Structure formats: structure tokens, C-alpha cells
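Listed next: structures, encoded as C-alpha cells.
Two complexes are shown next, each including subunit A; its partner changes from subunit B in the first to subunit C in the second.
== the complex of A and B ==
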């Protein structure tokens, strides 16, 4: 039993996602408990996997008992369990928040379909984190592409539909690139397993350099489109701002990261390091990430819709993760990986806080948020913690990941990037702090508009995440420990 | 001259790449959403062609093993993978087309530029 836990993570979620609509036909009120139960089970299992890997070391799981090169292999190592922990914890909290919010934002008939799509999305992301097989990764990428478009378009208003078709088209473009890259790799190595490919590639590089270079660039473009690396980000603001709030939280918090994570896995585990000495792919990623952190923040400043501003801020924040990849040093990459978790916490919390404000008052425009802190102190308190962490004030988790990125840049003798990190932090401050200051100190005679009380069930996940941001800001030790082990394999 | 010979020998790869570029270009430049979806399908199909062509062995037979016959067989793995790929492409196409029909109901057009114009007018 214990040995099957890795595959159970995916099986539970996929199984639950298909049984939810069936169950919904007979017992209306069981769909949501089943969703929460399966997400909690997955959360417990991924904690167990961290424990197991910590005690016994990384191991491989062979699907159906077929060893590679024939069968599909799941690799349970520190990197994978770290990502599983991020996915399952944030996934569970967002769904708890969604319990009430979705009822408010969606039509009754489609509610159970939302759970299906959500579970499918989390399950496929777990698959991407675990898989050790290129084609299997492609299949999971496609599942998550459709599911993530689905949780946007399910709202069925005009903005969502337009945003999701834009997202779908670019997303399919990205997965097309990934599939072609898989074909190129298979052509020269005859394998789909990461370990086998990694063993073959150095020899193949001498014989067929063009195939491998094309594959590398296609992977970067394909996964870059999906994770909204700067010039390929055009779909993100519409998609993340028009979606229902739980979808925005999970899309911004998790979905764009998992593709960056897949790229990290490919670049560091599959492609031979000598390829980066020959072609400047890492420098290109670095250049784009610098543009992303600066331009994303500048775009965010001029937005007047709060969710749109948060979406542009995601473009800037994913830039840090790519900066960690591009710097290609151990400490810098630790910073990038740490930022995956920190940003997942911060951004899903900020989106949920914005969702709470919209739920309670219907206000979306930043200008109208004056004095909201008095009416909703808990929500805006959490928002403030998130904003501080985005800027990177010491004592919040955002500081730790930026600190590691900066140290990593200094290790490699590139102080220019430290300056970029500082500059972008200041830019973050420019658009986050006015909201916080206005919310608490701005006095505006509010025409007593519609005001709904915020249910405690919605507030609790936001507060848990806010507490998490502070706790991991003061005690990042366990996380750093895990990431350090992930770096050394 | 050498490169032309190489291309002729591997013309299926070449055709796949040409189709890929056609699909890619259609998908990105046409504003008609239906044409975008057609472009998407051309692109996907070109990748499938490319992938299946990798597994082909000249003079090979379908891989139904006959003991002792001494035939050469083609590599079945790419074909099997591409079956999955086709399923994925079909479902994406179906989803995209249903989205487009919903969009048409809301906006009365399937042209991405016109939809953007209508939205810009609404937001003003």
C-alpha cells in the first residue's frame, strides 16, 4: 500500500473528478465534501511522501510494474515532493475558500462541473511534478491546459469567454511546441524516460546538435508561453482577472509555476550542462526575466482593476523564478524554487482577499477601495501582509526568496541582478502600498453600497496563508533544507 | 546539392516542418477564430506526421511479429503515442469550437479583432 502512494495522488484526484458529477445527480450536497475529502487525502499523502523521502531517500515508482524503458516511471525525489507539497496545500486552501465564493459567482448547474475541472487541474499538475517520462508529461500538460481554460470559461460571461479562447489558443501553441520537442528528442535518443535521455544526450549532442538545440528552444518557448514569460504573457492579464476568484488564485498561484517547474526539471535533469556553455539560452532566459520583473510591475501600476493589477504582478513575479533558472547557480536556483512556494502563498492569498472584497462589496476598482480597511479589517490585514511580502520586507517570506536570489547573483559575480531585484522591489512598493495606505487611512464618505457579511469559512484560508507568509518569513529553515536536498538530488 | 539530396531522402520531415510553419502562421496571424482553429489542427497534424515518420523503417512491415519470418518491422511506439496525441487534439478542438459558438452568441461575430473592438467600446 505504502509503496503505491505516488500514483495514488494522481488516481485519487482523477477518480474523484469523474465521480463528482455522477454523485451530483443523486446527492446534491455530497459533491463538495467529496472534493474536499480527496484534496485533504492528497495533502496528507504528500506530507507522508516528504517524510518518506526524507527518511529513505528518493525512489522511483513504476506504473503497472513495468520498468523503464518500457513503462512510465514516476520519480519521487526532493524536488517533486516539494512541488507536491505546494500544490496540495494551496489547492486545498483555495477550494475551502471556493465553497462559498463559487456559489456566489457561478450558476447552480455548473457548480459540480467546476469541482471536476478543479480536481482534474490539480491532479494533472501533480502528474507534471511527479512524472519522469517526456510523453507522459506532455499528456499531463494538455490535461492541465484544458482544465485551466475550463475553470475560466465556466463563468460564461463575455469577458471570460474571450479570455479563455485567447488562453486556449496560445496554450495549445505551447503544447504543440512541447510535443515537437519531444519528437526531436525521441528521434535522436530513442527514449522518453528522463534518466535514459540524460544518459544518451551527451553522445547525441556530438552527432545531431541541431535536433537537440531545436528541442531545447521549443521547450523554452512552449513552456514559456504557458508560464507567461515576459513577451509571451499576453494571455495572462485577461485570463487571470476575469476568472472566478478561486480560479484566479489557483491559476496565478500554481498553474503558471508548474510549467516553470517542468522547465527546471528538463534543463537541470535532462539536458547536458555543456549545451549551456555552447549556446546562450540561459542568458536569453535571464534577459527576458529581467524584462519581466520590470515591465510586469510597470504595467501593474497603471491598472485600475484590482484583479488585473494582481495579474500583471504575477508576470513580474514569475520573472524571479526564471531569473533563478537563468542564473544557473545553486543558490540562485534555490531562490527561484523558494519563490515558487512563496509566490503561490502570497498571490493566491491576494487574489482570495480581492475576491473577498468583491464578494462583500462588489468593488473592483482600486480607486473605490478607500477606507475599505475599516470595514473589512481582517481581509485588508491579510492583504497588507501579502503586499509587504511582495515587496520583500524582512520578516515575510518574500524577503527570503529575494535574498537567496540576490546572494546567488553575487555568488556568480553578477551584482547587476541584485540591482534589478532591488529596483523591482521598489516598483512593487509603488503599486502595492498606495492600496494598503488608502484602505486604512483614506477617508472617503462611502455611499453605503451593498454589503454582504463575509463567511468565516472564506476568511480562514486567507488568514492561514497570511500566517504562513509570516511564519515562513521567520523560519524558512525546513523549506530551505528541503530545497537544498533537491538541488543535490 | 548535398542538402537537396538530404531533403529528398527525408522529404516527410521536410513536409511536416512546412505544414508546421503554415499552421503556426495561420494560428497567429488570422483574426478569424475558426481559421485559427484550422491552423491549430494543421500544426498538430504536422507534428503527428513528424512523430510517426520517426518510427518508420524503410521496407518495414506492420509490427505483428511472425516468428522466423525474418521481416523488418517499423517502430510501433511513435504510432501508439500519437494515438494519444490525436485524442488530445480532438478534445481541444471540440472545446475550442464550443467556446467559439458561445462567443458568437455573445458578440455576433467570430472575428477576434472585432470582438476586441466591441470590448474596447464597452469598457469606455
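== the complex of A and C ==
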């Protein structure tokens, strides 16, 4: 039984996802408990896998008992379990938060469909994290693309539909690129398994250099579109800001990262290192990441909708992850990987906090948020922690990932990128801190009449994440340990 | 090289106020008296914990302790040597007096429930800076103090306060990021940022220069160094007066302290001299001194004038570092003591006047000395010390600094010190003269009936005012003794 845990993760989520609408026909109030139960089970299993891998080392799981060249293989290594932990913890917390928020934001009829899509999304992301098979990865990428499109458009208002169509088109373009790349790789190596491809590629590189280069660039473009790497980010601000708050939290927090994670896996596990010496792929990624970091922040500054501002900030933050990839050093990549988790915590927390404000008061405009901290001290307290972490104040987790990225840049003798990181931190401060200041100090506004109390169930996940940001800011040891092992494999 | 003692006491002195600030926050809702009492008690206990380290430190030992590691090789560590002790002692002493002063001052103001926890929290984080065992810990507490004191700056929540606070915040972030850059460069070059390792960077290089400049920006920002002083004259006057006293008297010194650590621990005297960075420091110091003093003359808001004066005085401290010899360093450390006492006296006295009369403009203060003799007496002592009139403590620090300048073969700095003393006289003397000899008949004097402020406010002011006198009258006082030892320790890694 224990050996089947890796596939159980996906099976539980997909199974629950399909049974929710069925169940909903008979028992209206069972859908949500089932969703939470399956997410909690997955969370527990993820922790178990971390424990298992830590004790026995990485292992492979063969789907249906078919060995690699024919069957699908799941690779349970440190990198994968790290990502599983990120996905399952944030996924669970966001869903707990969504319990009340979704009832408020969505129509009753589509509520159970939301759970379906959500579970599908988390399940497919887990698949991407685990799979060791190129085509299988493509399938999961497609599932997650459709599911994320679904949780954006489910609100059924004009802006959501527009945004989801935009997202759908670009995302399908991205998927097309990935599919083409998979085909190219299959063409030259005759394999779909990562390990086999990695073994074949160095030899194939001499014979078919163009195929492999094109495949590499298609992967970067395809996954870049999906993870909103500048300048392929155009869909993100609309999609993330118009979606229901739980969707925004999970989209910004997890979905864009999983594609970056897939790219990391491909670049570091599959493609041979000599290819990066021959063509400046990494430099291009690095250049784009610098642009993303700066332009994302600058765009965020001029937004007047809080969720839109957070969405632009995500573009900047995903730039850090790509900077970690582009610098191609141990410590830099550790920083990038660490930032996947840290940003997942921060951004989903910030989106949920923004969602709480919208839930309680209906205010979305940043200018109207004056004095909100007096009315909602816990929410804005968490928001403050998030803002501090975004700027990289020591004692928050954002500092640790910046520290590692900066060290990574210095390792390679590129202090220029440290300067970029610092500049972007300053920009973050310029657009996050005024919100915090206005919320707590200065003009006293009259409490609005249409102020609703925030249920504790919604507040708890936000506070847990805020605590997480601080705790992992002081004690990043376990995470770093995991990442270090993931790097050495 | 150094005798090391492992002890929890420094951590306690840092953590106790931080912990108590939470308690104070909780109790503040119940009872105002309890809140005030706890705040004073915390400050007193903290001062006593620092003072308890005196015998160990005087015997030339260094107290170290590691709390826990955040990253491999980087953790929360404390290290108290004689220099740390000097700053921690003077800070916690003044904090203690200001906490007594704050009780009555804040009873008139709004938001005391916010003020006191923040006030005590800032004490803990400031001590954390002074007693940090490496630059990483120092950085953490530096950011903590800078961000939390934002709340003190904007306490009044007026439009000007918020604007000044925003400026302060942005400058703080820039300074913090510069420090981040400097520390990470040092870490990359040396593999450690600990203060116990001796010199970290021994060879001047481009990266080392970058690190030096970044340190200079980060700490210089806090110290009000030209041209990064722009936030200071806005931020210090808008804060409540007890907070201004701490901002000007103590928190500016964190920048100076950081620079001292950079000069003597990251680099060393020979590296700085070889690379001619002392010249850069000297030029900045001269500009800071003259600019601060000159602009102070043009200010007619009492607290604003004091704030500009702080810039000038911080220039002295930077000058003392630039001279890079032991005698100048004695003057330097002693001036840190002196300025902390003088400036907090001045701000607290100004606060008492404003609290009592509501007047901030210097031209309105004619005859105030007759109404509030003790307050203005202390103010006069401190102001005369600022000008450098013997036998006050300001004279002693200027004297030692000048000797250091002559030792360094740079008499031009002595001229600068004299010119600045003259300028100090130009802006302090008129206040004193008008206060004592300007009668109400000479135009708009203080017409309202006022008397001295309450004794809880007068006593701290009086103690500090007398301190200005005592530390100057007796050249062998404890502060001077400590300065001598600190300078020798920094230079020779041994005490006389």
C-alpha cells in the first residue's frame, strides 16, 4: 500500500473531483467536506512522502507496473516532494478559505463545479510535479490549463469571461508549443521518459542540433507563456484580478509556479548542460527575468485595483524564479526554488487578504482602503507581513530567497543582478507600503454601513500563512535542507 | 586574542523589552497606570541588565552568545565588547529617563496605547543593533528598529507627519537595501560577517569598494550624513518630543556605530588608509558639519533647529572616524556619549516647553526662562555644551577631536570644528538670551501664565542637564574612561 502513495495523490484528487458533482445531486452539503477531506489526505500523504524520501532516498513508481520505456514513470525525488508539499499545503489552506468566500462570490448551481475544477487543478499540478514522462507532463499541463480557465470563468461576469478567453487562447498557444517540443524530442530520441531522453540527448545533439534547439526554445516559450514570463504575461493581470479570490490565490500562488518548476525539471534534468554553453538560452531567460522584475513592479505601481496590483506584482515575483533559473548556479537556483514556496505563501496570503477586504466591505480600489486596518486589524496585519516579505525585510521568508538569489548572482560574479534584486525590492516597497500606511495611520474614515463580519474560517488560513512567512523567515533550515538535497541529485 | 565569555545576559537585555512590549500592549487596554508602570520598569530592568555587564567588560573580556542559526553560518548572535557596552549603556540609560518623561507627556497626547509598546520595542531592537555579534544580526535589528520607529515618527498622524514619515520610510528601505548589498558582498568576499573574526576584507578591490560605499549609504543614511540627511529634519521634529529625543540622541548613533564597525571590523585602518577612503569620509564629514550648522541658523521652529543641529553633530562623529587615529577615536566615542546626552536634554526641554505652552517658534519664546527656570537651565547647559564652552562635555569631546586632528596632521579639521562651534553659538545663544533676558515687554513674549512642567518631566531633563556639566567638569569620568578603553580596544584589540 505504502508504495502506491505517489499515484494515490493524483488518484484521490481526480477521483474526488469527478465524484463531487455526482454526490452533489443527492446530498447538497457533502461536496465541500469531501473536497477538504481529499485535500487534507493529499497533504498528509505529501508529508509522508517527504519523510519516506528523506529516509529511503528518491525512488521511481511505475504506473500499472509497466517499466519505463513503455509505461509512465513517476519520479519521487526531493525536488518533487518539495513541490508536492508546496502544492498540497497552499491548496488546502486556500480551499478552507474558499468555503465561505465562494458561497458569496459564486452562484449556487456552479459551486460544486468549482470544487471539481479546483481538485482537478491541484491534481494535475501534482501530476506535473511527479511525472517523469514528457507526454504525461503535457497531458497534465493541458488538464491544469483547462481547469484554471474554468476557475476563472466560473464567476460568469463579463470581465471574467473576457479574461478567461484571453487566457485560454494564450494558454493553448503555450500548450501547442509544448506539444510540438515533445514531438521534436520524441523524433530525435525515440523516448518520452526523462531519464532515457537525458541519456540520448548528448549523442543526438551532434546529429540533430536544430531539432533539439527548437524543442528547447519551444519549451521555454510554451512554459513561459503559462508562467507569465515577461513579455508573455499579458493574460495574467486580467485573469488573476477578475477571478474569484480563492482562484486568484491559487493561480498566482501555485499555477504559474508549476510551469516554472516544469521548466526547471526540463532544463536541469533533461537537456544536456553543453547546450547552454553553445546557445545563450539562459542569458535570454535572465534578460527577460530582469525585465519582468522591473516592469512588473512598475506596472503594479500605477494600478488602482488592489487585486490587479497583486497580479502585476506576481509577474515581478515570477521574474525572481526565472532569475534563479537563468543564473544557473547552485545557490541561485536554490533561491529560485525557495522563492517558489515563499512567493506561494506570500501571494496567496495577500490575495486572500484582499479577498477578505472585498468580502467584508466590497472595496477594491486602493484609494478607498484608507483606515481599513483599524476595522480589520488581523487581515491588514497579515497583509503587512506579506508586504514586508515582498520587500525582503529580514525576519520574513522573502528575505531568505532574496539572500540566496543575491548570493547566487555574486557566486557567478554578477553583482549587477544583485542591484536589480535590490531595485525591485525598493519598487515593491513603494507600492506595498503606502497601502499599509494608509490602512493603519492617517485619515480616519467613518465605518461604512455595509460592513460584514469576517468569519473566522476565512481568517485562519490567512493568519496561518502569515505565521508561516515569519517562521520560515527565521527557521528556513528544513526547507533549505530539502532544496539542497533536490539540487544534488 | 580576546577572552570570550558565553553568557545569556545580552540576549536577555534585547529580548526582554521586545517581549515586554507585547505585555504592555495587552495591559494597555486595561489600565493606563499599569501600562506606564510596566514601561518604566522594563526600561529600568533593561538598564540594570546592561549595567550588570560592566565588571566583565571592564576586565577586557567579550561576551558572546549564539541564539540560533537562520542560515548555515548566519544566525542571531550577540557579542558585547567595550564599544557595544558604551552604546548600549548610554542608550538604555537615556531610554530609562525618557520613559519616565513620556508618562506625563503622553497623557496629553492621543494613542498612548500605541506609543508605549512601540517605545519599548524600539529599545530592544536598538540594543540588538549595538550588541549584535555579526552584521547579519545587526542588519535584522537595524531594519526592525528603523521600521518600528516609523510609528514613532508619524505618531501625530498629521499631514506633515505622514509626509515626513513616508520620506523616512522610503529612505529607510533604500538604506536597508544598501546594507543588504554591502553585507552580502562582504559575506561573498570573506565567507563570514562575524565581528569576532578580526578584519574581514584585507585587500582593497572593486567589490570591496562597492561594499564600502554600500555600507556608507546604509549606515550614513541613518546617521544623517550628507547628502542622505534629507529625511532627518522632517522626521525628527514631527515626532512627539520624547521620541525626537531618542531619534536624535540614540537612533542616529546606530548609523555611527555601524560605520565604526565597518571601519574596524570589515576593513581595518591600514586598508582604509591605503585605499584613501578616509579622505572621502573626511570630505563628507566636513560638508555635513557645516551644512547642518549653517541650515540650523535659518530654522525658526525650535525642534527643526535642533534636528539640523543633530546633522552637524553627527558630522563630528563621522569626522572622528575619518581621522583614523586613536586620539580622535577617543573623542569620537566620547562625542557619541556627549551628543546623546546633550541632544536628548535639548529635545526633552523643548518638549516640556511645547507641552506647557504649545509654542514651537523661537521668536515666541521670549522670557520663557523666567517661567520655566529648571527646564531652560538644563537647555542652556546643553546648548552651551553644544557650542563647546568649557567645562561642559561638548568641550571635552571637541578638544579631544581637535587633538586627534592635529595628530593626523590635518589642522584644517580643527578650523572646521571652530567654525562650526561659532555657527552653533549663532543659533543657540539667541534662544538662551531671549529666554532669560527677553522680557514680555519686548514684543510677543510668553504672555500665557505658565509654570514648570510636572516633576516627572523636569527630573529627567535636570538629570541630563547636570550630566552635561558633570561629564565635562571631571575629565576622568566614567564616559571618558570608557571612550579611552573603547578606542584602544578598536585599535589594538586590547585595553590599556
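Just so it is clear, the second predicted complex is superposed on the first by the 486 of 489 C-alpha atoms of A that agree within 3 Å, B and C clash if a C-alpha of one lies under 4 Å from a C-alpha of the other, contacts with A are read in each partner's own complex, and residues count from 1 in each chain.
To be clear about the criterion, a contact is a pair of C-beta atoms (placed from the backbone, for glycine too) under 8 Å apart; a residue touches a chain by one contact, two chains touch by 3 or more.
The shown structure was predicted, so the numbers you read here are calculated from the model rather than taken from an experiment.
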Partner chain(s) touched by A:414 [first = subunit B, second = subunit C, both, neither]: neither
Partner chain(s) touched by A:142 [first = subunit B, second = subunit C, both, neither]: first
Partner chain(s) touched by A:269 [first = subunit B, second = subunit C, both, neither]: neither
First, second, both or neither for A:394, with subunit B first and subunit C second: second
Subunit A residues within the subunit C interface of the complex: 388, 391-395, 400, 402-403, 406-407, 410-411, 415, 418-419, 422, 425-426, 429-430, 433-434, 437, 441-442, 474-477, 480
Subunit A partner contacts - residues on subunit B that touch it in the complex: 20, 24, 27-28, 33, 36, 40, 43-44, 47, 50-51, 54, 78, 81, 84-85, 88, 91-92, 95-96, 99-100, 102-103, 106-107, 112, 115-116, 119
Residue numbers on subunit A that touch subunit B, as the complex places them: 135, 138-139, 142, 145-146, 149-150, 153, 156, 158-159, 161-162, 164-166, 168-169, 172-173, 176, 179-180, 183, 186-187
Interfacial residue positions of subunit C with respect to subunit A in the complex: 68-72, 136, 139-140, 143-144, 147, 151, 154, 157, 162, 165-166, 169-170, 173-174, 176-178, 180-181, 184-185, 187-188, 207, 210
